[in-house]
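Letters A, B, C, D, E and F mark the chains in the order given here, with residues in each chain numbered from 1 onward.
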Amino acid sequence: MHIHLITPIITKGLRTLDDVSQLMSDELSITQSLIETGPASIECEFDEAMSVPGIVVEAIKAERAGCDAIIIDCMGDPGMKVAREMVSTPVLGPAETSMHVAAMLGHRFSVVTVLDAVVPMLENLATVYGVGGKLASVRSIGIPVLEIEAAPERVSDELIKASLEAVEQDGAHAIVLGCTGFLGCADAISAALNAKGYDLPVIDPIPATVCMAAGIVRAGLTHSKRTYAPPRSKELAGYPAITEELQGDRT
Amino acid sequence: MHIHLITPIITKGLRTLDDVSQLMSDELSITQSLIETGPASIECEFDEAMSVPGIVVEAIKAERAGCDAIIIDCMGDPGMKVAREMVSTPVLGPAETSMHVAAMLGHRFSVVTVLDAVVPMLENLATVYGVGGKLASVRSIGIPVLEIEAAPERVSDELIKASLEAVEQDGAHAIVLGCTGFLGCADAISAALNAKGYDLPVIDPIPATVCMAAGIVRAGLTHSKRTYAPPRSKELAGYPAITEELQGDRT
Amino acid sequence: MHIHLITPIITKGLRTLDDVSQLMSDELSITQSLIETGPASIECEFDEAMSVPGIVVEAIKAERAGCDAIIIDCMGDPGMKVAREMVSTPVLGPAETSMHVAAMLGHRFSVVTVLDAVVPMLENLATVYGVGGKLASVRSIGIPVLEIEAAPERVSDELIKASLEAVEQDGAHAIVLGCTGFLGCADAISAALNAKGYDLPVIDPIPATVCMAAGIVRAGLTHSKRTYAPPRSKELAGYPAITEELQGDRT
Amino acid sequence: MHIHLITPIITKGLRTLDDVSQLMSDELSITQSLIETGPASIECEFDEAMSVPGIVVEAIKAERAGCDAIIIDCMGDPGMKVAREMVSTPVLGPAETSMHVAAMLGHRFSVVTVLDAVVPMLENLATVYGVGGKLASVRSIGIPVLEIEAAPERVSDELIKASLEAVEQDGAHAIVLGCTGFLGCADAISAALNAKGYDLPVIDPIPATVCMAAGIVRAGLTHSKRTYAPPRSKELAGYPAITEELQGDRT
Amino acid sequence: MHIHLITPIITKGLRTLDDVSQLMSDELSITQSLIETGPASIECEFDEAMSVPGIVVEAIKAERAGCDAIIIDCMGDPGMKVAREMVSTPVLGPAETSMHVAAMLGHRFSVVTVLDAVVPMLENLATVYGVGGKLASVRSIGIPVLEIEAAPERVSDELIKASLEAVEQDGAHAIVLGCTGFLGCADAISAALNAKGYDLPVIDPIPATVCMAAGIVRAGLTHSKRTYAPPRSKELAGYPAITEELQGDRT
Amino acid sequence: MHIHLITPIITKGLRTLDDVSQLMSDELSITQSLIETGPASIECEFDEAMSVPGIVVEAIKAERAGCDAIIIDCMGDPGMKVAREMVSTPVLGPAETSMHVAAMLGHRFSVVTVLDAVVPMLENLATVYGVGGKLASVRSIGIPVLEIEAAPERVSDELIKASLEAVEQDGAHAIVLGCTGFLGCADAISAALNAKGYDLPVIDPIPATVCMAAGIVRAGLTHSKRTYAPPRSKELAGYPAITEELQGDRT
C-alpha cells in the first residue's frame, strides 16, 4: 500500500519521511511532498486558504501516481473537502480522523494546539465533523509553528501543562495533539499524565491518520461522491498548475 | 456610506450595478468588482477555494479605497473569514447575514438553491454560523449558475415549486434564496406563496445584506478581531497580487 | 424613515430621546413612548408579563401612526412575539437582534446583565432564538435597573470586570450589554478590553437594534406572518385600552 | 391533598370539576377557578399574554387558601414561570409535565394540537423545557378551541388521524394531547392506535399533571427559588387586582 | 397501590423497608427484594451489566405478584430498558425520573455522586433521556458505595461541599443525589445550601421516584410498548432462573 | 497481528471464519468464538443484556491469549463498554466504528437494519457515540436475524430498497449495514445505488471494523482507562465463569 502525505506549506525540512519511517513496512510505503504555492506555515484562515490550490495540484499528482490514500499534513485539514472533489482516492485529514478516533476511545477529548488564533477553527471543525458534543476543550500553548522545532523542551513542557489542565479542569478523557508539527510529542505527554495517575490516549495525528487511512483502504472504502461530487467543468483563471493537472486528468 | 461588492467569479456581465441600483442613494454608494483569478461560477468546494485568493486582493483594495463595508457576492460566503482577518472594515457574507435575518423573522427557514452539490455546504454553513436549529431544509432546483440568466422563467417556476415544498413539507416559515444569482426573484415567489395563503418573508440575499451591512456600519460595529486576528507575517509563495497588496498595506 | 421605541416601563425619565439622538438624521426620525400599565422596571418574568398589555397598546398606536419599525426597549424582549401578531410593521427586540449580530461578528458571545434573576431568561431567549450554541456565558453585575442611573461609575466598573471575565474565563469573542439601561457604556468597556489587548465588538443593544431595524425596513422585510399570524377575533375581558385599539383597528 | 386548577380563560362552562371528578378521592380534593381578566380561549401568543395577569391573581389566592399544588389548565403553560415567582406552592404546567412524562415513557413523542398557530409555541416550549431532542413532531387538526365542545366526533376522528400520522410518518412512540380541551379523548385514540397494532401511551395532560403534581407534593418538592426568585418590590400600574393580592400577601 | 423496589445488588442490609417507611400509607404499600445473582454494589459498567439478569427475574416475579409499579433502586438505572421489555407494569429508574423532575423544577441541575468512574455513565444517561441540555454538571465525592453506611458524616459533608460547588461554579438550580445509597441526605444538603442563601430543590431519588411512580400508575400510564416491545421468543443459554420465569410467564 | 472476534450469540454456524477470510494475511490472523451463555440472536435490549456476561468471559480469555484487538460481532455493540473496563486490549464495536467511519466519509449516513425493535437502540448509540447529528435515519427491513441466512435474496432486495429510500428521502450520503449478519451484502447495494446514479460508501461493519481495529493497534492506541477504569474488586454472585476468569486474571 502506498500513502502520500501532502505537507501543505512551502517551508522545507520541517517534515521529512524520517518522521514517519517507523510506520513504513513491506506492506506500506509512504511518500511526501510540499506544496509549491502557499504559506510558510498554517496558523489562521488566510494561511489555510493560501495552501489549498497547492494541495489540489499535489492531490491530483498523487492519485495519478497511483497512491492508495492521501493525507493532508495539517490539523486544519485545509483543502480536504476540495481534494475529495478532485480525486476518488481516499483523502484524509488528521483533524477529522483524530477527532473521530478520540471520540471512539474516550468519553470526551481535548485538543492542545499552537496558538489562540486556531481555536475557533478547531472548534468549528469538530462541529462540522459532527463530534462537537465530544469536545471537552481546545487549549493552546502560545508557540507558533515555526518555533516548535527550535524549542522542543518548551513545547513538550507546555503541551504537558495544557494536557493536564484539559484533564483536570475540562474533563478530557483523551488528548489530541492539535498541530501535526507536534509529531513525536505524545509519549512524553502520556508519561507525564500517567505519573499523575491519568491513563488515557494521547493521539499523535499523523501516525494515527496513516494507520486509519490504511484501514480505510483495506476496507475498500473512500469518501462519498454524493457529498464530494466532481466539480462541473468550467473556466478557471490564474491557476496554471491546476489547469495543467486537470487537462492531464482528462486526456 | 460606501459599500463594495466583490463578485467572486471571473465571468463578466452576470452581475452589474444595475442589479443593486435601487439600493443606492445620496447616502449609499455601491461599487462592485469581479476577481481576476478564480472560477467562472461557484458550485462546489473547489470553485469556492479557487475564488478566495482573488477575493483577498479585492478586499484589501476595497479597504484601502476607503469603503465602509465589503460584501462577498456568493451564497457560499467564500473567503469571508479570510477577508475578515485581512481587513478591519466589516466583511459580510450573504449566507451568514440572510440566515440570521431569516432566523430573526420566522420560526424556521429553508434555503432554495441551485444544485444538490451545494446542499452540504449550505447545511454546514448554517451549523457553523450557529443557526442550524432554525434551518428547516435546503432544497435545490437543479439549474447551474451559468444557466440562470438564460432561463429566467424556468428558474422562477422552479424556485416557486421548491419554496412551496419547503413551506408545506418542511415547515419553513421564511425562505432564503440560496444563490446570489437569483437576485430579483423574491417578488415572484412571495406572490406565488401569497396566492396559496402563505404570508412569509422571502429573503433576497444581496439586497438584504447590503441593508444589514449599512446597519452594522451605522452601529459602529465590525467583526471581532479576537476571532479574526490579523495573520502573522510570513513567507508566501505563488500569490504575487496578494503579496503586492500586503506590501502596499504595510507601507 | 420613522422608528418607534416602546420603553416598556412606567418610570419616567430613565429613557429619553437624548439617548438616541446621535442616531437621528434627515433620513431617520425616532419617537419613543412609555407604557401606561406595567412595572417600574423589568427584572423577572413577572415584570415582563406585566409590561406586555401596555406594549400591545403602544405597538398598535405606533403602527397606526405610520411608523416603519417598532423596537421594544428591554433586553427581555417582552411582548415581541405578541406585538408581531398584532401588527405587520416590523417589531424588533434588542435581545434577539443583538444576539444575532454578535453571532455574526464573532465566534462566541457573552451577555453582561444586571441581576442573577434574569440569567435563565436570557439563556432561554438565546436557545429559542436559535443561537444558544454561540452563547459563551451570561454574567451579571448585581445592580438593579433603577440603581443604574445613580451609580454610573460603579456600573461601568462592574461591566468592565464582568466583560473581562467573560473574555478570559468563558471564551467570549464579542460582548452584548444585557440591559438597555446600559446604553452608552459600550465605549468604556471597549477601551478597557483594548487596554488588555482584546479587540472585540461590544454591542450596545438599542443603537444596534435601531440600525438593524432600519436595515430590515430598507430591505422591505418584516416578520413572518406564518409564525406570527393575527389572533383570531374573540372576547377579551379586562383590557379596555387594548379593546379600544383593536376596535379602532377594525374600523 | 388539595390541588387547584386555574383555567386561564373567561369562558364559563368549558371546564368543570366533572372533568376531573374521577381523580378526586378522600386523599385528593381538586378545586378550579377561571380568570377574571383575559381571553375567551388561548390560541396564540397574544391570548397567552392576556391570560397571565389573571393567572397571577388566582395563583396567589390559591396559595393563600392553602392548596398544595397549582396547575395551569392550558397547554401553552401561560404564566407558569410568572406564578412560580409569586408563590412557593408547586406550580405545574401540563405542557412541561406531559412532555417530560412522555420523554420518560417512550423513545420520542409527538404532540397533536388544535391549530397551526400554536405549533411554534409548542416546539419552543419543548426546546426551553430541555426535551426538544425527544420531540418527534407537533401536528394540528385545524379545529379552534371553542369549537371542540360542539364537534366531539370530528375532534376525535381528527385526533386519531393526526396521531396515526405521527406514529407512522414521524416516528412517535408516545402521543401527548396538545390542548387541555381534549380532556377525555385519550381512550379513543389509544383504541384506534391499538387496532392498528400500535401500543403506546396517549397522555391526557390534565389527568397526568394532576397525578404528577400529587407526586411532587408527596415528595416534598417544589420549583427552584434560584430559578424563580420572588420579584423585587416595585411600583406597578394598571393591575389593581394583583396589587391588592400582593398587599394582602405582605400584611 | 403496591410498588416493588428491586435493589440490584447482593449485599444484605444496605437497603431496608425502613428507609422508605415514611412513604407507606393505607393507599401505598412498598415491598423490596435484592437480586440473587449480581455484584455487591454498582459503580461501573461491569457491575451494572452483572446486575441485569437478576433484575429481570425480580421484575417478572413482581409483575406476577400483582404490583402496580417497579422501581430499580440504583442511579445507573441498570436493566430499566430490559425490564420494560419483559413486563407491562410501569418500570421506573431513579436516574431517569429524578433528572426529569429536576429539569421541570429548575433551570439546570447537577448530580452529586459517589465516584469519578460513574460520571460518564450519568452524563450518557442524561443525554439518552433527552435532558442533557439541562445538566449543569456531575460531581463526585470519592466515596465508594459500600463505605457510605460507615461514614455518614463524611458523606454528608462531602455532599454538601459538592452541592455548593455545583451551585456556585456550575450554575446548578437543582441538585439530584447521584446514588440511591444517599437516601436521607437531602435535608442536610438543603439546610446547608439555605444557610448560604440558596433555596433550591435537592432531589432524593428513591422517595421522588416512588412518588412519581404512584403518579404514573394513577394516571393509568405505562412505558411505550412501541419502544419496549416484548422480546421475540428464542433459545437462551445459561440463565435458568430467567428461563423458569419466562416459562411461568407463558403457562 | 491477531484480532479476536466475539460473536455474542449461542447459535452455531451463523458466523464462521470463512466470512472474514479475505481479510486475513500473513500480517493479520483472525480468530472467533461464540459465547457460552446468552441468546440465540440479538434483537432487543433483553437479548443484548443476556449476551454481556458471556462476552466478558470471552474478552478476558482473548486478552490472556495475547490477541491485539477484540471486536464484538453485533451492531448493538453489547458489552463493549463493559469489556473495555475488563481488558486493556482495544475493544471495538462495529456500530461505534462504522458510524464514525461513515461520519468521516460523507455528509450524513443512514443505517439499514433488521427490525423496528432495534431502531431506538441504534439511534441511542449514535447519540451516545457523539455522531447523532450525522445520522440521517435508521430504516429496518422487517426480517429477523435468524431468517437472514435462509432468504439471502429477499434480504438483499429489501436492503437495496431501504438504502434507496434512505438516499432519496432521508438525505443519506453513506449507508451503514445495521446488522453484522448482513456481512457480504454491501456490494449488491453499492451496485444497485450506482445504477441509480448514487455513488456513495456502503459500509459492511465487520470488515470495516477489522480494518480500523488493525489501524488502532498499529497506531499504538487503546481505549481511555479514564473512561473505562478497571472495576473495583468486590463480591459477585452467580457468574462462575467470570469469577474463574477474574481469579485467573489476578494470579
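Basically, a contact is a pair of C-beta atoms (placed from the backbone, for glycine too) under 8 Å apart; a residue touches a chain by one contact, two chains touch by 3 or more.
These numbers come from a predicted model, not from an experiment.
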| item | value |
| --- | --- |
| Chains touching both subunit C and subunit D | B, E |
| Required minimum of steps from subunit A to subunit D, each step between chains that touch | 2 |
| Of D-F and A-F, whichever chain pair has more C-beta contact pairs | A-F |
| Whole-Å gap between the CA centroids of subunit C and subunit E | 44 |
| Whole-Å separation of chain centres (CA-atom averages), subunit D against subunit E | 28 |
| Subunit F residues counted as touching two or more neighbouring chains | 107, 120, 173, 227 |
| Those chain pairs that satisfy the touch definition | A-B, A-C, A-E, A-F, B-C, B-D, B-F, C-D, C-E, D-E, D-F, E-F |
| Footprint of subunit C on subunit A - complex, ascending | 119-120, 123 |
| Contact footprint of subunit B on subunit A as seen in their complex | 10-11, 36-41, 43-50, 52-54, 56, 79, 81-82, 84-86, 116-117, 120, 124, 127-128, 144, 146, 227-229, 231-232, 234-239, 242 |
| Subunit E-touching residues of subunit A, taken from the complex the two chains share | 107, 173 |
| Touching residues (chain side subunit B, partner subunit C) in the complex | 23, 27, 92, 96-97, 100-101, 103-107, 129-134, 167, 173-174, 198-201, 203-204, 207-208, 210-216, 218-227 |
